[in-house]
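All chains are identified by letter, namely A, B and C, in their written order; residue positions are counted from 1 within each chain.
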Amino acid sequence: MELTLSQLAVRFGCELVGDPDKVVSSLGSLEGAGPESITFLSNPKFKVHLPGTRAGAVLLAAGDAADCPVAALICDNPYTVYARVAQYLRPARQVVPGIHASAVVEKDASVSPTAEVAALSFVGAGARIGERVYIGPGCVVETGASIDDDTRLVGRVYVGERVIIGKRCILHPGCVLGADGFGIAPGGADGWVKVPQLGSVRVGNDVEIGANTTVDRGALEDTVLEDDVRLDNQIMIAHNVHVGAHTAMAGSVKVSGSTHIGRNCLIAGDAGFSGHISVADRVTITARTFVNHSIHEEGSVYSGALPMDEAGNWRRNSARFRQLDKLAKTVKRLDRAAGKREEEKP
Amino acid sequence: MELTLSQLAVRFGCELVGDPDKVVSSLGSLEGAGPESITFLSNPKFKVHLPGTRAGAVLLAAGDAADCPVAALICDNPYTVYARVAQYLRPARQVVPGIHASAVVEKDASVSPTAEVAALSFVGAGARIGERVYIGPGCVVETGASIDDDTRLVGRVYVGERVIIGKRCILHPGCVLGADGFGIAPGGADGWVKVPQLGSVRVGNDVEIGANTTVDRGALEDTVLEDDVRLDNQIMIAHNVHVGAHTAMAGSVKVSGSTHIGRNCLIAGDAGFSGHISVADRVTITARTFVNHSIHEEGSVYSGALPMDEAGNWRRNSARFRQLDKLAKTVKRLDRAAGKREEEKP
Amino acid sequence: MELTLSQLAVRFGCELVGDPDKVVSSLGSLEGAGPESITFLSNPKFKVHLPGTRAGAVLLAAGDAADCPVAALICDNPYTVYARVAQYLRPARQVVPGIHASAVVEKDASVSPTAEVAALSFVGAGARIGERVYIGPGCVVETGASIDDDTRLVGRVYVGERVIIGKRCILHPGCVLGADGFGIAPGGADGWVKVPQLGSVRVGNDVEIGANTTVDRGALEDTVLEDDVRLDNQIMIAHNVHVGAHTAMAGSVKVSGSTHIGRNCLIAGDAGFSGHISVADRVTITARTFVNHSIHEEGSVYSGALPMDEAGNWRRNSARFRQLDKLAKTVKRLDRAAGKREEEKP
């Protein structure tokens, strides 16, 4: 793929400052891009690299255009436009319809003739594979699961029984959808009694699920990821969780059972959620926060991670943490005594 | 499967208040169940849904029976009885004996004729697969591993060389038993020297292991999970760890090497354990606690996670954490001075 | 394999105190080893077991030799020498050249005739498999990936498109190299726009990658693990991260995007790194620390995990944490007042 800058400006709605006939065919960083590449400036932190860029053109906001030594493509959200340009110049691998000879597709599975089932993949009885779906190598799609049009299972993905996945989703290697939720009841002398997990997982459209992320099936009702949910790697979604549309979670987030997270939330890495709580729409959770109770206010921001310190300082301060309640009581007493002295002053 | 309420009461030891001939065939939540379903009330928090339930029957404690608008099945532990009823009404998929044509079973592996090896699974030389074992699609059972009767590898499970797994276990997709422990010795200019991991993993009976959980093989002796240990997803059990019978761990718990955890412990999500420590029986660890030293008292409860706060508050308070030792010293000094003043009072 | 103690002393550069003709053939712990085994004493904590050992010989430092009841092999770093002896006595499984009949190797992949591709593995178009490489059962090596000589993919490993892996690496089951990094741009009413991840992953020589660890491909440039990096299980390396040579990370460490970690660092379990920061060489990070800013000083040590406490104490102290800023202000005020009183003293 290649485009002239004028084609690019028209297609992606940018204002061009520079040679309209210049051709770009690849993508690069502000520092690394050569003249055949288009790049972008979004984070102000990287503006220092703008004067020295050798890129063919830079996607940037109007305010940065004056400092651009090469062709500028001015737009409101350069990062988003960059993403769209990159999708255009580097389209995802085309689906090659057909079932590889080494794949195993059970008799009554329904696989669209426009879908591709790659080598050594398994599609179970009654499963339904939609139009232009890509099932990469080594995937397992169990009995009765359903994968809707244009979804891609990159490779070695596991989709459990009866799990339902929407259109245009991307599932990365090692993710597991529809393993049993963790349901155990105390059985006295017999030890634990397993609680059968009878629900399933429902995934909306345009959802992306990262490598080695797990989304468990519900105990009775379904675990739900609404449209356009974006999950990074190694995330743990427990049974009966509900994640609202457009919510994004960075790596290693853990959501305990039956928790309901709103729409358009931003959850930073390694945050954790207690079970049976509810989080409003547009909430931001910063990295490594333990969300231990419900959040009712839309758009609020919560934190919970202590910043590190040099080890010796840390040791001294964290030892004091164990005395914090005592310390607070002493301060209260001293404060009360000081107040009394003030009153008694002649 | 279906049962009359009288059959159910007899089989599961409940007292029935309601029509003995009513038939139930499925399971549901207090809110969602219809008249063909049985449900349960265990958590008092859900009691608000009892008066409005449309279920066929509710498993509940004697004290809640008066408020039940439909048939009541009175028992001591409704959640446990529910689990047993659910197992009865929704039995796990039957094993279909045989080895799928696409599976690879090496010549001297021993697979019981009552076991099922599903599509695209591998069973290595000298491995032993017991009676009615289910090896789901895409599993790897390495050389010399042993899987005892009635155990289920749901799919895409990895069982390493010589790993020994007991009866009636359930291993969920993506779990890895018997990868090498993390053993490296400093080799000076040569960099790290790998320490061969010569032990194995031994898993007792009735153990459940969650999706993408990893249990490493021991360095010299074995890593051990005793009977009825229950592990949720994405748990990390390092080499030479020993987990006592009936201990349950929620998702993302990490146990460092050579740590010994007692029997009947309850470990909440994302807790972490230092290496080479020992935890007594019946200990409870709350969510996200860092267990940094041994716990000797049976039945004790330990915590270690800070509750989150609104981001601005959090920033102010956590900045003060870095001054905590200094703060404590100032308080001590002020307190001493105040004491002196008291003494000096005329 | 077996060796006399004199052969062992010569080969591994130890001083022998004991019978040079005694033969050892296996390895054991100080407590568990029998007379046919060699063991080691490194951690002083285990010295209590030395007088009672029944091992054939003990690798130990000169200062411990006097207390050794059996043959002693004196050396400077007993644990490292033990590792080398163990590698010698228990060599890794030999590669058996050839491609298993059930494996799928695409036509233009290049597989060395000395390499082994085990059952049910997939090697994509244009991939290159070097000399004596072992591709264990159930692995996926995607299009254009390259695996250099003597590297071992233990089983069920996923190597993404164009990923480059050096010599003598070990990749454990369930690890995923080269899944897409987590790149999403806000697209307004359209929801998230995926940012194509066009970089790859480059792994140096002698790297070990643990079970279910994920290393994402870069957005534009590559994610890099330099030579002799050692990663334990369930580690998350985000896109564009760079890890310097000889750095070791214990289980469940998370490194956010574009972070640069130096050489010879030691990162303990469950530590997390913010994105876009830089960590100097030889830095030590203790367990569960959140590295939220760059570390410039080589060899420094940082911490950030609060030690647990009995649950009641914890509750009281952590409740006070929410008042810490207020508390600090009160103390400041009291301190100021006390200072003033001192000045006013007659």
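Assorted remarks:
Rule of thumb we're sticking to: a contact is a pair of C-beta atoms (placed from the backbone, for glycine too) under 8 Å apart; a residue touches a chain by one contact, two chains touch by 3 or more.
Keep in mind it's a predicted model, so treat the numbers as computed, not measured.
Note on connectivity: the fewest chain-to-chain touch steps from chain B to chain C number 1.
Annotation: the chain A:chain C pair of sequence copies touches via predominantly different residues, less than half of the used numbers being shared.
Our note on geometry: chain A versus chain C, Cα centroid distance of 25 Å, whole angstroms.
Looking at chain C, one finds that residues 102, 120, 138, 156, 174, 212, 234, 252, 305-307, 309, 321, 323-324, 327, 331, 334 touch two or more other chains. Of all residues in chain A, those touching chain B in their complex are 102, 104, 120-122, 124, 138, 140, 142, 156, 158, 160, 174, 176, 179-180, 182-188, 191-196, 198, 212, 214, 216, 220-221, 234, 236, 238, 252, 254, 256, 272, 274, 276, 284-286, 289-293, 300-307, 309, 313, 316-317, 319-321, 323-324, 327, 330-331, 334, 337. Chain B contributes residues 27-29, 32, 45, 77, 79-80, 82-84, 86-87, 90, 92, 100, 102, 118-120, 136-138, 154-156, 170, 172-174, 206, 208, 210-212, 227-228, 230, 232-234, 245-246, 248, 250-252, 269-270, 287-288, 305-311, 314-315, 318, 321-325, 327-328, 331, 334-335, 338 to its touches with chain A in the complex.
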